[in-house]
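Each structure below is given as structure tokens.
Next come two complexes built around chain A: one with chain B, the other with chain C.
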Partner chain A sequence: MAFRIKMIMPLVALFLVAIGYPLGYSFWLSLTNYRITKPGQTEFVGMAQYQALFDNAAYWEALIVTGTFMVIAVSLELVLGLAIALALRRQVRVRNMTRAFLLSPMFITPIAVGLMFRFLLNPQLGPLDLLLEKLNLSYDYFGPGNAIFTIALIDVWQWTPFMVLLLLAGLESLPRAPFEAAKVDGASPWLTLKSITLPMLSSVLVVAVLIRGLDAMRVFEYVFAITRGGPGTETQTIQYLIYQTGIQFFRLGQASAMAYMVLAIVLVFVIFLFRAINKEARR
Partner chain B sequence: MKITQRLGRMASVALLVAAVLAVLGPFLWVILGSFKNERSINDPLAIFFTPTLDNWNAVINGGILQAAGRSLIVATISVSIALLVGGMGAYSIARYKAGGSTMRFGILSAQVLPPAVLVFPFLALAYTLRVNDTLVAVTAAHISLVLPVVTWFLIGFFEAVPKGIEEAAQVDGLGKFAAFRTVVLPQVAPGIGAAAVFGFTLSWNDLFYALILAPGNAQTLPVAIAGFNTFRGVQLGAMCAAILVSVVPVLIASYFIQRRLVRGISGGSLKY
Partner chain C sequence: MKKRKGGAAAFIAAVTALSLAACASSDTAETPAATETTASETTASETTAAAELTGTVRVLMEGVPDTDVVTALLPEFNKLYPGVTIEIETAAYDQMRDKYVASFQAPESTYDLAIIDNPWMDDFADAGFLSPLDDQIANTPDYNYEDIAAPLRAINEVNAVTYGVPFYNYVLGLIYRTDLLAEAGLPVPTNLDELVSTAQALNTPARAGIAMQPQRGYKIFEEWGNWLFSAGGSIYDENGVPTLDTPEAQKALEAYITAYNSAAPADSLNWGFDEALRSVSNNQSAMMISYNWMLPALNKQNDISGDLAGKFALAPMPGGKQVLGSWNWAIPANASNPDAAWAFISWITSPEIEKARVIAGGAPIRISPLSDSAVAEAGFGADYYAAVAEMLANSQPLSQGPNGEEMIQAVGTELNSAVAGTKSVADALAEAQKQAVNIQGL
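And then the complex of A and B:
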């Protein structure tokens, strides 16, 4: 056996066992009415679980909630991350410490972030509400209409650092010549950003946005820690709905069908991501 | 021109100061909260108060350290397996293009696979094998979580190693595996370190798998922290202390790998 095959065999084998097998198993689950409470009564139901999804209003609502969350969170992270990366790029003093501080949120366990903000924003226990009160203002962070926005902002707190990390690396790897030429020509910072920096950075931007988007699609911890899908079902994200369906109601068949539909969406994103990464690698 | 430049500089400093404050504020609140007693925790603006170690005692006696120990076991085992298997595979992929772009695409997809797809098979299997609510189930799931990420990371680092070095070693009479082990591996040691820390963080921070596969006796740290999810003010201080137990080790470890993360996350396409 060739050396390269020998080296990759364990990886392929472990992939098949740890990922391939569960992947196939969950597809099989999605074709049955499997309930963990009644494992003996499992029946093959074909595409019935998928057909049921089309009439399942909660499922579609969860997709819309997740999409809304993704768009709000990732676009704010992109704008803020780019601004911070540009600012870090021209920073002169205490660079390393600033970077270390600013990147730290992305390493914290998301459930801790969720709980932290749950209490920070709590009307009785949190400081923010008291400060607002002193200004005679009040805001119901997790109230109807606001909750999904607040959850997205928590995501922004935790994951803007990821954008900063990738965009800063992208910025620092750009060639200097075009910027010096722009300076000589007296181009304004805004024009330089728009016509030099952003176009040259475009593939990094695409990679960063896609990775963040894919990650935001799995949002679970903040919802679990704070709103549990409420008020009503306003913050019931797809990952939370699947959790509920599988764990609260033990409907593993239905939950797996939901997850498989999400997987199809994810795969489309991954194809774009793969292309963007290959494009950046060739640059 | 001069004025716009100066304004731009001031704006960028102001943005950085605001960002640092926004990051540090919640941390500071948690650190203070972990030393507050029941009375001062109900006064969120209190910065001066008599500190107490009650919360820390509650955390130490309340099973949080055991949960941290379990998280440590799960993360160490899954990361070690991922480094061993993923390291060999990543070398083959980076150097010999094993599996071509299909293999790379598979690894990238596996990284972003929604956990909801894999978790129920693991749960059903754990019930069948009677390992539900044990670390075995969580570790198995975490291997599926960590393995693709670590492999992807290492591909990027192996690709950065100049091709000549193992050829030179082979001329010196070393076998291919020996060349890999003694010549290439030391070159990518920083990358392996970064992959290890990143994989460790992934496992250490995971709530979704651990909550579903081991909600009871084998709780990992994030599950135990989620257990503070009540509005009883009494537990708030202890929750703050538990959060710090979970956060401090990863923050220290991640500090050393921040710069190397970029190459790993982008699979070597972004050099930094």
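And then the complex of A and C:
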């Protein structure tokens, strides 16, 4: 065996144990009817769990809810993140303190953020409701039609700083010459943004959206801490459904199939996205 | 679940008083000499056996005041069983089931003693996770198992085998403000229509008529189940088949939605136990349907209700029947020290210790303490215990049979959809019925 192959073997071994085994075992579970409360009655069912998902309305509804959440949250995070990053790039005083303060939400564990907003938005305890009450207004944050937006806004609060971090790093790595040339030519800030900044930042933007999009697919904690999927099934995201199926209802085989189907969908999405990026880059 | 804080001092005093009372009664009892000899021999051998029993009993419990009451009892247990150590680990509700399931499947259980919520009982028993307890119950002297409320005993029986002994009940009832009802000149509601009209009559701009708990899943089903019973409906028929799309269920859900829209706090669709309790204790709502043991907590001086303490009363649900829940002691099939675990179960649920536990604030499981004047005097009053006795006698759990947790969540989702207005009452109930039948394989 070549030396370079030998050198990589520890990493491969670690990968197989730490990642390969759980993935392989959960895939095996997805091919069985394994139920935690039915020990000794597990049977190999092949692709039956996957086929059943196509008729499982709750599964597809949860995927749509998750997709809706992802689009709302990531769009807002992108716009806000870019605006804040552009502003921070021009900041002169107390730069470090401002950046540290802005980044702080993403260092809080999401379940704590969920609980925090559960109380902040509570009509009995929350300061926002108190303020609205004084203005003779009211808003049902977790009511029908509103809950998914509220959950998405909580995500925006926590993860916009991540977008800021990525975009600011991207902005600060851009060459200065095109911007100086644009300034000399008298280009407006909007034109500079549209014609120089955004095109030059496109690869960073794509990566940022991709990372945040994939991360948003995993949303669970806010739902668990606040809405438990309600009202009705309006905030029942795919991760919450998988948790309920596997952990709460003990059907680990079915939950594994659900998770693998999500993985397949995400992989297809990512492959198409990267192909599109590569095609764009070759132009 | 949250409840009042148990008083350790009250508990110790109660245990001492009850022990003295037991000694006094045995001293004065007029029994034949032969029987006395046999009894004393039995007692001596039991005491010796208790003293010789050794080991550690590890148990996972929910971090609630009932656990504190049990913890306060442990020194008394160790006077009788000096060789047995009870190690209590506490966890939040959501963690408990996961930890137990993992432990039950290990070659040797992490826990020698478990507390099981009633929706889990059938699944855990069917899976072989729990040890049958019929022999231990039958062979424990003076245990008086029949004194435990029948609906609570029934929760622990799966296919005619007993897998658990009740730890504490959480039967629900109507908690209301006596002063507000008197001001309005209204009686305690006795039927569903009166419940709605009373809530509406008590509703003012400053205070809601009734704090409700329509949160998706367990909470709404647990609350609405009481409305269903009040409407004359049932969750299952006599053959154990769900009956959730009946005219009674329709009436109950329509009444529930009417009350929510006209007499509940605004924007409370996501409310559960904590929010409803906070609303009632802060003078923001006049009534709520909640656990019976919330009444002493609400009426406790200088506690959660402030100046409102003493103004709350408990009544059975209009119509007389209510939803029952219970936590239950059980021994994992793979427990390493089942004898010591049973010694603790049989001690903590024994008639004498039950009285002390109830006086200290534990939710009762036995009937006899509820009519005991000593308990009423040292505890929370005869009226409260009479109401609890009446409620326990006519109560039923949300689920029976397999997959109880899933069935409850599915029905609770449909009910919440109806209250949110995203489904019609008829559609929600039809779907609830369909899912309940499907999930429970009926």
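Note that in this section the second predicted complex is superposed on the first by the 261 of 283 C-alpha atoms of A that agree within 3 Å, B and C clash if a C-alpha of one lies under 4 Å from a C-alpha of the other, contacts with A are read in each partner's own complex, and residues count from 1 in each chain.
Here is the rule we use: contacts are C-beta pairs under 8 Å (C-beta built on N, C-alpha and C of every residue); 3 or more make two chains touch, one makes a residue touch a chain.
Source: prediction; values computed, not measured.
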A:L137 in the overlay: touching chain B, chain C, both, or neither? Say first, second, both or neither. neither
For A:I8, select first, second, both or neither according to whether it touches chain B, chain C, the two together, or no partner. first
So, does A:T37 touch the first partner chain B, the second partner chain C, both, or neither? second
Using the touch definition from the top, say if A:A177 reaches chain B (first), chain C (second), both or neither. neither
First (chain B), second (chain C), both or neither touched by A:A57: neither
For A:V268, select first, second, both or neither according to whether it touches chain B, chain C, the two together, or no partner. neither
So in the superposed three-chain picture, is A:Q124 touching just chain B, just chain C, both, or none of them (first/second/both/neither)? both
Residue contacts with chain A in the superposition, chain B compared against chain C: B
Partner chain in contact with A:G230 - chain B first, chain C second, else both or neither: second
Once the shared chain is lined up, is A:F249 touching chain B (first), chain C (second), both, or neither of them? second
Give me the intersection of chain A's contacts with chain B and its contacts with chain C, in residue numbers. 36, 39, 124-125, 247
Interface with chain A, chain C side, in the complex: residues 97-98, 101, 105, 123-124, 126-129, 215-217, 265-270, 275, 278-279, 282, 284, 403, 405-406, 409, 413, 416-417, 419-423
Please output the residues of chain A touching chain B within their complex, sorted ascending. 3-5, 7-8, 10-12, 14-15, 18-19, 21-23, 25-26, 29, 34, 36, 39, 83-84, 86-88, 90-91, 98-105, 107-112, 115-117, 119-120, 124-127, 130-131, 157, 165-166, 169-170, 172-173, 186, 188-189, 204, 207, 211, 214-215, 217-218, 220-221, 224-225, 238-239, 242-243, 246-247, 252, 255-256, 258-260, 262-263, 266-267, 269-270, 273-274, 277-278, 280-281
Which residues of chain B touch chain A in their complex? 1, 4-5, 8-9, 12-13, 15-16, 19-20, 22-24, 26-27, 29-30, 41-42, 44-45, 81, 84-86, 88-93, 95-96, 98-99, 101, 103-106, 108-110, 112-125, 127, 140, 143-144, 147-148, 151, 176-177, 180, 201, 204-205, 207-208, 211-212, 221-222, 225-226, 228-229, 233, 236, 239, 243, 246-247, 250-251, 254-255, 258, 261-262, 265-272
Taking the touch rule as given, give the residues of chain A at its contact with chain C in the complex, in rising order. 36-39, 122-125, 138-144, 147, 226-234, 244, 247-250
